[in-house]
Structure formats: structure tokens, C-alpha cells
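Structures given as C-alpha cells follow.
Okay, so chain A shows up in both of these, paired with chain B first and chain C after.
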Partner chain A sequence: MTAGTSTRPVRRPGTGPGHGNSGRTGSLWLKLLPLAPAIALLGIFLAGPIIFSVYGSFTNAALTGKNAKDPQFIGPENYADLFRDPNFPQSLWLTVLFVFASAIVGQNLLGLGTALLVNKATKAVAAVVSVCVVAAWVLPEIVAAFVAYAFFFREGTLNQLTATVGVAPVDWLFEHPMLAIILANIWRGTAFSMMVYQAALNDVPQEISESAMIDGAGGALRLWYITLPMIRRSIATNLMLITLQTLAVFTLIYVMTAGGPSRRSATLPVMAYEEAFRYSNIGYGTAIAVVMILIGAVFSVVYIRLLKEK
Partner chain B sequence: MRGTRSTSVKSSLSLIAAGLLMLSGCSAGGGGGDAGAGDEATLRIVYQKSGEGSPLDTLMQDVKTQFEAENGNVTVQLEPVEGSDEDYATRLALSQRSPDTAPDVFYEDTFKVRSDVDAGYLLNLDPYLEQWPDWERFNDGAKAAGVADDGATYAVPLGTDTRVIWYNKNVLEAAGVEVPWAPKSWDDILAAARQIKESQPDVVPFNMYAGTGTGEGTVMQSFYELLYGTDSQLYNEDQQKWVVGSQGFVDSLSFLETLYDEELALTPAQALDPNIWQAVFGEYLPEDRMGGVVEGSYSPSFWQEGGMFEWADYGDVMGVAPFPTQNGQEPGAVSMSGGWTLAIGANSQNPDLAFEFLKTAMSQENLLKYTVDNSQIAVRSDIAEDSTYLESNPFVADVSEVVDVTHYRPATSDYPEISTAAQQATEAVITGERSPDEAAADYDAAVRDIVGADNVVEE
Partner chain C sequence: MSPTPAATPAPATAAATSPAPAMGRERRPRPGLSVSSARRSASKTLANAVLILLGLCFLIPLSWLVLASLDPEAGYTTELPKTFTLDNFAAVLTPELAFVPLLNSLLLSAGAAALTVVAAVLAAYPLSRYQLRFNKPFLYTVLFGTCLPITAIMVPVYSLFVQLNLLDSLPATTFFMAATFLPMAIWMTKNFMDSVPISLEEAAWMDGASSMKALAHVVVPLMRPGLAVVFIFVFIQAWGNFFVPFILLLSSGKQPAAVSIFRFFGQYGTVAYGQLAAFSILYSIPVILLYVLVSRGIGGSFAMAGAMKG
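Showing the complex of A and B:
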């Protein structure tokens, strides 16, 4: 193994990879031994499917027809087709928009906001708010999706509510499908961010905040210069988790709009599903899934760098 | 080379399967291999179930009871799948990918037969059908639905269907349209629809499905009635190529554009709702809020006693008319047919028993009950002549008549994707995103992309 496996990297010139002495390497293996089952499981259940997906994306495997019987290795053809596919840029853009608006901005900021408010509020108010927010989160995705559908659809709750104040009904799922699914995902996912931030805020020592207050720092200044830097790691972790979760959201979108109308809410997971199962092109659908893995990886690298800064 | 490899893979798979079977046979104290007399066997039956008491579910339950009574050592394991046609097709195809999960007998859409035969999922039934006297009683047109490219039969039809115009006599009469109504051309339809709009502004005059929301319903119960009634084609059977650049395609889209633009149909937003057909059957027609709609011969199954939207008066209020060709050209009317079959898995461990099960399901008695309950068009001559069938609903004769002018979809494995492209063209037109010419050009580009430039023919 290389220097990466040594427990404490030694940054001395001349001690490059492969210079560790064999005794230390031996004890390292001993130390790693208890991790072996976890690594094996990760290999089987995480790396395995990913490798299999990548392989599948280089074949023309199908659900039915000749290619189902005898799939061929076709090299990067699926990817070439994908980058020529007129639907791909739109789906890619919608996916990025969905992740950015509903996770990075919506869930994250709203989660932080509610966490700060709940921290300041009385116990009773905090409990009520927490229960309301968490309720959406504990619902199974399929149930949450139907609730959101019932809320936004033509004769749904939202239009009934706006009608009481005399606003003309809007066909949300038809006219603003992206807005509807973004709001639904914010509603569903905010609880997770809120809980992460509540835990993080509890760890911020009160004394620091109090001494800043004595020095005359207002709420906004204290938030910006003290609280946020102290929970920086939680922010990065939270962003990474909700980004990956949102990237994979399928049920919510499929139930609410099925990617329509006219593909106006067809994010990459919806497109992958359509290709793989509606048109039976498993290989092509897998290629889309692999692209999603890559997007997730890029986001993760950015967040990990954020975590490591300073 | 590939053939040899896949054969050797298959033979090793069947060896493993045989080994497993022998192991399980040993533990059960019996022999292995294909179950003959005296062996325990399980048959797995997969079918689609649309709610409690659906006709197909009833049929399968009945057949299970009968079959198990006749074959004491056989267990019939029913595995109904609840979901849409698309979900069902996906579930079925996924289970067929491995011999371990593939069912013995399953419910198969006629338009999937050819591509599933190509995929190696279906058993060639010819040796069995030769020895089955009842097979002669099946209608030739329906038999063709189960025949693959190699000329062998792989599936047995349960029933078929047709599409006609279902109109509400109350609405038409109130508008001064003569009943029984028999439009001779597309213009006749528009004229009546405009008349209805004028006399009853709150009524949807004449609906035709459009958009991807209603999926295959958009093409089967709307767009193809238009397209097949023009002088153009969707698919050139002689050359086995897909037709692009056709005037009929543009004209069909223009007709839908007119319907939706003049507000003679539902609103585009309603049309894109996947569940809108339920409102059509359950609310619009029974409540005299819709003049007419193109729908299937199975429509009465929703209104009959025990149906999803029971409606005692449907026989008096509703009327049917064949859908006319564009300008009334020969043969004057057009319809589309589909239908479902029963097929046997290519990897079934008990093909003989599976065929016995299929025969029981297809017996005159069982199939008659199913045909009547499900408002199907009979595929057996002894059912077509049966008085129970002929009297099962007031429209049997009318919807059976159009079998003469009906069309089947081109059942190639590219078809589902092409169907979606056609649905997208209708959607782009009714939402006003594209003109009929533009949407047709998009469709042509999509078809070229899907099947390759070599497999299209310019019209």
C-alpha cells in the first residue's frame, strides 16, 4: 500500500510512497482487521452495484426484444447518444435547478432558520414547530408525494385556500410544475436540516456568544461571525447529505407530475426511469444513472473541500 | 459464436436448475424433473389486477379452484400485480429476466408478444395447440396476435377490443343533432361539436385524448383513429419501415388542434391528467356534461352492475358510432384493436401443466364469463354466438361490427418509444407549444433517432 494508508502521514521530503517500514505496515494491517467486515460489505453493496452499473451503461441491455436475450458490449455509445439526446440538457438543467432551489437554498436555509428560531423560542412553541416540521419528514415518500399532489392539484387544498381570499385558482402542476415539486421537496426535507442544525447549535458554547453580546455585537453579526463559523462542519455535512438525497428524488416527482407536462419537470431520475423501464432501454437508462453518480461525486468533493478548509 | 455461448450458458443454467429441483425433490421425498402424475408441483401465475373483483382476478381465482380440484398434487400460486399497464409490463419483464423468477403462465399484452419472443421469454405453443381441438374455434384475426416473426404461435388471446365514438344522446338531442348520430367525416364531428358548444356552453362537446398523461390511451383512443383514417400510414408493413413526413400525421394533429383551440374538448391541463379517463366515465358522460368521446368497446364494463362507475341508464343514454375516415373515404370507418393473451414462460419447469392451466382458463365456460364481465369482444366462435354474450350489454353488436375496419399496432420492440413520440406531438399541439407542422417534424426527427435512418420511409 502507499503512504495514504499510514495512520499519520509524514510530510518530510524524501519519505515518499513505499518508504514506510514493514513492521509498521504489519501493525497497520492488524489495526485495519476489525474494519474488514465493513469494507467487505461496502464492497459488495456499494462498490459492486456501482461497478455493475458502469458496466451496464456500456451495453445495449434491454427489458424486451433481441437485446434482452443477448446484450452486447457497445462501448461508450450510450454516452455518445446521451450527449446528443435533445432531452438531456433540459433534464440536466432541471436536476441542477431542483437540487439548488429545493436543497441548497430551500431546505438548508429554512432548516437553519427554524433551528435558530426553535433555539430561542419557549419550550412549548419549539415542540409544536418541531412536530409540524418533522411530520412531513417521517411520512413515507410515497405518502408525502400524494399529500403534495392533493395540495397542488387543480381542485386541491392550495387552490381552495386561495379561493377563500378571492384569488383565481392556478393549475400549479400544469403551469408551474417545477415550482410545485421544489416547494414539495422543501416541505418534505426541511426537518432533516433543522435537526442537524439544532444539534450543531446546542454545541456552540454560550459564553462566546454572551461575551460577543457584551462587546456590543448584534444578532446578525453574532450569527455571521460566531455561530456560522462554529457550525461550519455541520453546514458542509448537511449540504452534502441533502444534495445527495435530493439528487435521487424520484417518487415525489413521479407521483406529482410524472416529469410532465411536456417534460417540464423531467429531472435525470425521471428520464432514467423512462428510458430504462418505459422504453426498455436498460443500458441507456443506466448510463443516465452513472451520470447522476458523477454529479453526486462532484458535489461531494466540493463539500469535502469545504469541510477541510482551514 | 454468440449462439454457442448463450446455449452453453443456458444449458449450464438448466443443469443448475435441474440440480436444485432434484435437491428440493429429495427433501420432499419425491423425484425431480418435469412433474408428471403423482408429483408435487407449483405453478406461478402472474397477471394484472385492477382493483378488487376485477374480471381477470375473478377468472384466475376460479381457474385456480377448478385446476387444483382436478390436479390434487398441484398448487397454483396466483401473483396479481396491481398497477397501470406500463407498471405491469415492467414488473413482468423484470421477473422474466431470470429463470428463477420467471412465471409459468402470465397475462401478456398482444403488442408485447413479438418483442418478448425476441427476448426469449415466451414458449412456442405450436406443439400444444396442435393437440387442442378448441383452438380451431378461435377467430383467425385474434390468433394472429399471438404469432411471432417465425410464424409460430406464442400466446393465446383472451379477448380483443375495438374503439368507437360513445356519445350522450341527451346532449346531442339538446343541441339539435339527429340521433342516432353517424358522422361521415371529420367535418361532421366538428359541426356537431360546434352545435353542442353553442347550445350548451358548460358541456364538453367532443373529447379526444391527447398528451403523454393518458399514455397509450392517447394514441389508441384518439390519435390513431385519426391517422389510420387518412391516406397515410404509421408503419409500412410491406417494407417494414416507419413512415415519416406524412400529410396524414399533420392533418391528424391539426384536427386535435382545432378541437382543443375551439374549446370543443377538455382543457389541455385536464387532458394531461393521467386519471382523466375516470372522470370521463364516472362524471362527464353520466352527468350529461360531455357530448362524445372516442373510447373502447370495454366501456360498458365500467357502467355495468359491479363496475367502477355503475350507471343503470347507460344503455338508454349512450349511443355508439364508428369513427369516420377523414373525408369519408373507403372503408368509411376506422377502429383500433389491442387485447391481451395468456402465454407460457420459455423457462417454465412444468410446461405441460402450464398449458393445462391455460386450457382451463380458456374453456368455453370460463372465457364466456370473463368476456361478458370484462365487455370484451369474443375470440372464440362458440362464445361469439352465445346468447349470454350477445345480450350482455346493448352495444355488443355495434362494437363487434367495426372489427372489419380495425387496425393493430406495429408490435416491434421500438414501438413504445415511437408511441411516446406521437403522444408528445399531440401534447405539443394542444398546449400550443408547436404548430402541427412543427410537431410532426419533431416526431419525424424522433423516429429517425429511435429506429435509425435506414428504417424509415419518406411519404
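Showing the complex of A and C:
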């Protein structure tokens, strides 16, 4: 780790010198010893696989056959294959579309809208509706995925609803797989954005908005010029978090469409899973994983910078 | 969480990165402004109407789950059962279908949560109590870990588990899960610990207690609500996680409910929708109860302060 020998313990500010520290003898390393279990866990199970994956992506490791026992180092061939693979740009595009439509637009705007409405509405209505929105988010992922599957199924609830206004049934999961999983992910994830924005709006001083209202500013103007700028940090944080969460969504898509039909909803996580576990190209699947880790890393760095600015 | 989580985390870790149920929070009473009270009541009605419509959109997909679980002839359509029955619940309450998977879920989630809390408390102590030059980089590295999409590292983790001969091991899967939630838990725990005044430990040091004794007898008891939040937070995410055990656990006797339910759905030719719904509900109840417990009861603003602070 980065702890060099030059690191020296410094007392927390606000506590007087002389107490305590002298009573506890022991070197820096002894003081850092409690970190050992966490570092071991993180090192073996998170950092290890990431480092391992960079190496693995340069091999032809497979699930079965000769390459399973004795994988060969094949250099950047997996990456070369990946950039030649017509499925890769498609999966990348579907991932971008999925994240943009369901998280950045859907969850984010609907979450903000719901939070604003909840502040305006009658308390009882706000409470009941909040529970409905949060319920979809609290359910275990796989149950939410079943529910969404049943909703969009050909004989499912959505077609029942559209039939009441005389629209012919549509096989949503087959004809519009991306639309179905995007809507399902909005349904599942909006609660998170809603709660982040509710917390943020509660911290906006009411007086400022009130005085703007007396000056004659309408609702939309107040929202645009006062409320949104005041919660912009929450907006940025929320956007980063939901982007990262949505980037990783697998279960919802796997249960609803399994990436199909004919790969029309195969985002990067689904593609990596298929390549590694169905076609047993572990090395190739790892290369896709490395690309995903890199995308996630870029967003993480932006996110950490945002937090640091505080 | 949810998040993938995370976990995600994951969302992922990410599915849900911070439990922020701000719903219960009181809004500031607004001073009555007579100028616009008519317009305000109109906008209130509009807000109520839009919210109720929105609430229905979130509720309707869920209604299938509840109705199907009580319907002896359930399908994918949402309809009131002709006869209400608890037969679906009775049918799934067998050792093979429910008890073993739920017990596995319990072992996995409680084990991961316990490991995470212990490792996080130990790690948070030096981070909170000594100001070392290494703290900031370490904490930001950990935060970076929070953000990585867990879906992306499953292929390399699988390879690692194959190499180390850990595949299909419940303990190893528990350790991996603990590691994935650890970054978030370290952040939350450190924030909680920062709010426990160091002067209390200094008294213990004066009496000759070691720092670990002070941690165990002074600090930990004071942050019990916060630790309960971390425990429940990890438990909920682990309980709902499908992808990790789906990849790492092979034999059906070891799989948690999240995976057994999928076999239920995917393998048997004719899906018993009513039983699937009934089992989904049984499987969801524990996490819903725990979520309500966190959001309403224990912790309160203290708990949330730790979760939301950057």
C-alpha cells in the first residue's frame, strides 16, 4: 500500500496533546494491523480478480477442452477479436442506450419529478405513492425481474391494459426487447433517485423559494433558477451512482429476454456472460470484462472527483 | 441497493448504494401566503393527481405477484382469482423447494454481513482515529472499489475460483460477497465512528486499556445503531443477489433462494406461476421487513448521516 515509512500518526485536531498517544506504545504497523482483514479480503477477492483478469484476457482460457487445463498466452488477440466482432459494437451501443434511456433520462428525471411532486402533494398521497415506488426497489432483483417479465409478457398485464383501450396486443419482449428492459429498469430503479432528491430538496431553504415567489417568479422559473442550482451536487452524485448501477445490470435483462431475441438486448454484461459461460471462452469473456471495468473505472474517477470537490 | 449491487455494486453493489429513506422526514411548515393560496391549492390537486397516476404505474406490475400467489389457476394475466387459496404457499413450503434454499440464503447473507461488519469496524478504527498520510489514498481506493460494476468482475472471479478450487463452496462465496460489500461498509462505518468522540476512549487509555480494548468496550457499544444499519444493509443486498451465487455455486443443495427460484422459473416445462409468485413473496418478506426496520426504527438520522456523507 501507499503507507511509506515516512507516515507518522498525527493526533486528530481538537484533542489535546500529551494524552493517550503516549500511553499506547507500538509502531505504525501495529496501529495499522486492524486494517489487515479488510485488506486481505479486498486484495484476494476484488483486487486479485481485477489484476488476474488483465492477465486472463491475454490467454485463450476456456471452460472445457485442452485450453481449460493449460491456457496459453496469446497476447492481445482477444482484444483484436473483440474489435473485429460485430457483436461488440452492438452490445456497446445497447449498453449506452440502456444506461442513457433508463438511468440518465428515466430514473433521474422521474425520480426528480416524483420528489418535487411529493413535496407539493397532500401528505397521505405522498406517503402512499412513495411506498409504491420504493416497493419495486426493495424487492430482490430476481423477483423484480419476474414481475417485469409477467408485466411485459404477451398474455401479461400491459397487454391487458392496452386492450381495454382497444389496442391490439404486442409481444413486447420479442418485438421491443430494449424498450421493455428500459421501462422495467426505470420501474425498478426510480426509487433510488427519488430518495436522493427528496433528501436534497429537504435541505433547500424554503425562504429563498418563498421570496422568489413574492417577486413573482413562477414554478418553472423557480425550479430552473433556484432549486436545481441548489441541488446540483446531488444531481451529479445521483447521475454517477445510477450510471454505475445500470452499467452492471444483468439479472433483469437475463430473466426478461436473456439478451435476445437474436442479441437485440445483449448489453455488455450479458455478452460477457454468454461468451464466458455459454460458449466457454473464458479468455474472451474476460477481455469484455476488462472493457467493462475500464468503463466503470472512468465513471468512478469522475465520481470521486465530484466528491472531492466538497 | 440496490442496487447491482452492486451492488450495485453495486450496486451494485451496486443496486443500491445508499439506503436513504428520506420519506419520513418532516417538511418545514410553510408560512401561509394568502396571495397565492388559491393557485397553490390548485397545484396541490394537480400534484396529487399526477402522483396517484404514477403510483399506479408502479403498483400495477406488483399486483400480479400478490394476486397470482393467491390464485390456484394463476397465469401471466393479472386478474382477481375466482377462489382465493393459500395452496400455492403450502405447495412451496417443502424442504427442497423453500427451506434449504432459504437457509442457504440466510447463511450466505448473515455470514457475509457479519464478516463485513467485523472487517469494516477493524479497518475503520485506524482510519478514523489516526490521521495518517495514507488514509486519504486508501479511502479513495476503497471508494473506487465501491464503484466497480460487480457484473464485470464475475468472469475473472470465476476463473480465480476455478484455479483455487473454490467453486461450489458456500464459505468461499460468502467471503467473496463480504469483499464486494466491504468498500461501502468501510465508508459508512468510518463516518459513524468519526461521530463518536475520541475523549471517551482517552479515559479508557488512561486506565491502561489497549486501543483494541477501547474499541471493543467503548466505541463499538456507542455505534451499535450504525453497525446494525451496516449489517442490515449488507444482509439485504446479499439476500437479493442473484448473479454471484448463480455463477459460483453449482450444486442445487447449496444454492440460495435467489438461484433456486430461477431454476423454478427456467427449467420445469410448465411454470407453476402461482407457486412461483408465492415463493417470490416468501423470499421477499425478510428483506422488506428489514428495510422497514432500517428506514423507520433504528438509526434514524444518525444512521443516515453515515450512509449519505461522501
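Note that in this section the second predicted complex is superposed on the first by the 252 of 310 C-alpha atoms of A that agree within 3 Å, B and C clash if a C-alpha of one lies under 4 Å from a C-alpha of the other, contacts with A are read in each partner's own complex, and residues count from 1 in each chain.
Note that in this section a contact is a pair of C-beta atoms (placed from the backbone, for glycine too) under 8 Å apart; a residue touches a chain by one contact, two chains touch by 3 or more.
Since this is a predicted model, take the numbers as computed values, not measurements.
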Once the shared chain is lined up, is A:155 touching chain B (first), chain C (second), both, or neither of them? second
For A:129, decide between first (touching chain B), second (touching chain C), both and neither. second
Larger residue footprint on chain A, choosing between chain B and chain C, goes to C
Have a look at where A:285 lands relative to chain B and chain C in the superposition and call it first, second, both or neither. second
Counting only touches as set out at the top, which of chain B and chain C does A:196 meet: first, second, both, neither? second
One more residue to check, A:171. First (chain B), second (chain C), both or neither? first
Quick check on the superposed pair: does A:34 touch chain B, chain C, both, or neither? Answer first, second, both or neither. second
Between chain B and chain C, whom does A:137 touch in the aligned arrangement: first, second, both, or neither? second
After the superposition on A, what does A:260 contact: first (chain B), second (chain C), both or neither? first
I'd like to check the shared interface: which positions of chain A are touched by both chain B and chain C across the two complexes? 154, 277
Chain C-touching residues of chain A, taken from the complex the two chains share: 1-4, 6-12, 15, 19-20, 23-24, 28, 31-32, 34-39, 41-42, 44-46, 48-50, 52-53, 56, 61, 110, 114, 117-122, 125-143, 146-148, 150-151, 153-157, 160-161, 187, 189-190, 192, 195-196, 198-199, 202, 206, 210, 213-214, 219, 237, 240-241, 244-245, 247-251, 255, 269, 272-273, 276-277, 282, 285-286, 288-289, 292-293, 296-297, 299-301, 303-304, 307-308, 310
What residues of chain C sit close enough to touch chain A in their complex? 1-18, 20-23, 25, 27-28, 30-31, 33, 35-36, 43-44, 47-48, 50-52, 54-65, 68, 75-78, 115, 118-120, 122-123, 125-127, 129-134, 137-138, 140, 142-145, 147-160, 175-176, 178-180, 182-183, 186, 198-199, 201-202, 205-206, 208, 210-212, 215, 239-243, 247, 258, 261-262, 265, 273, 276-277, 280, 283-284, 287-288, 291, 308, 310
Chain B contact footprint on chain A (complex, rising order): 62-66, 68-70, 154, 171, 174-175, 258, 260-262, 277-281
What part of chain B is in contact with chain A in the complex they form? 2, 6, 86, 90, 93-94, 97, 112, 115-116, 118-121, 211-213, 268-270, 272-274, 413, 416-417, 420, 424, 427-428, 431, 433
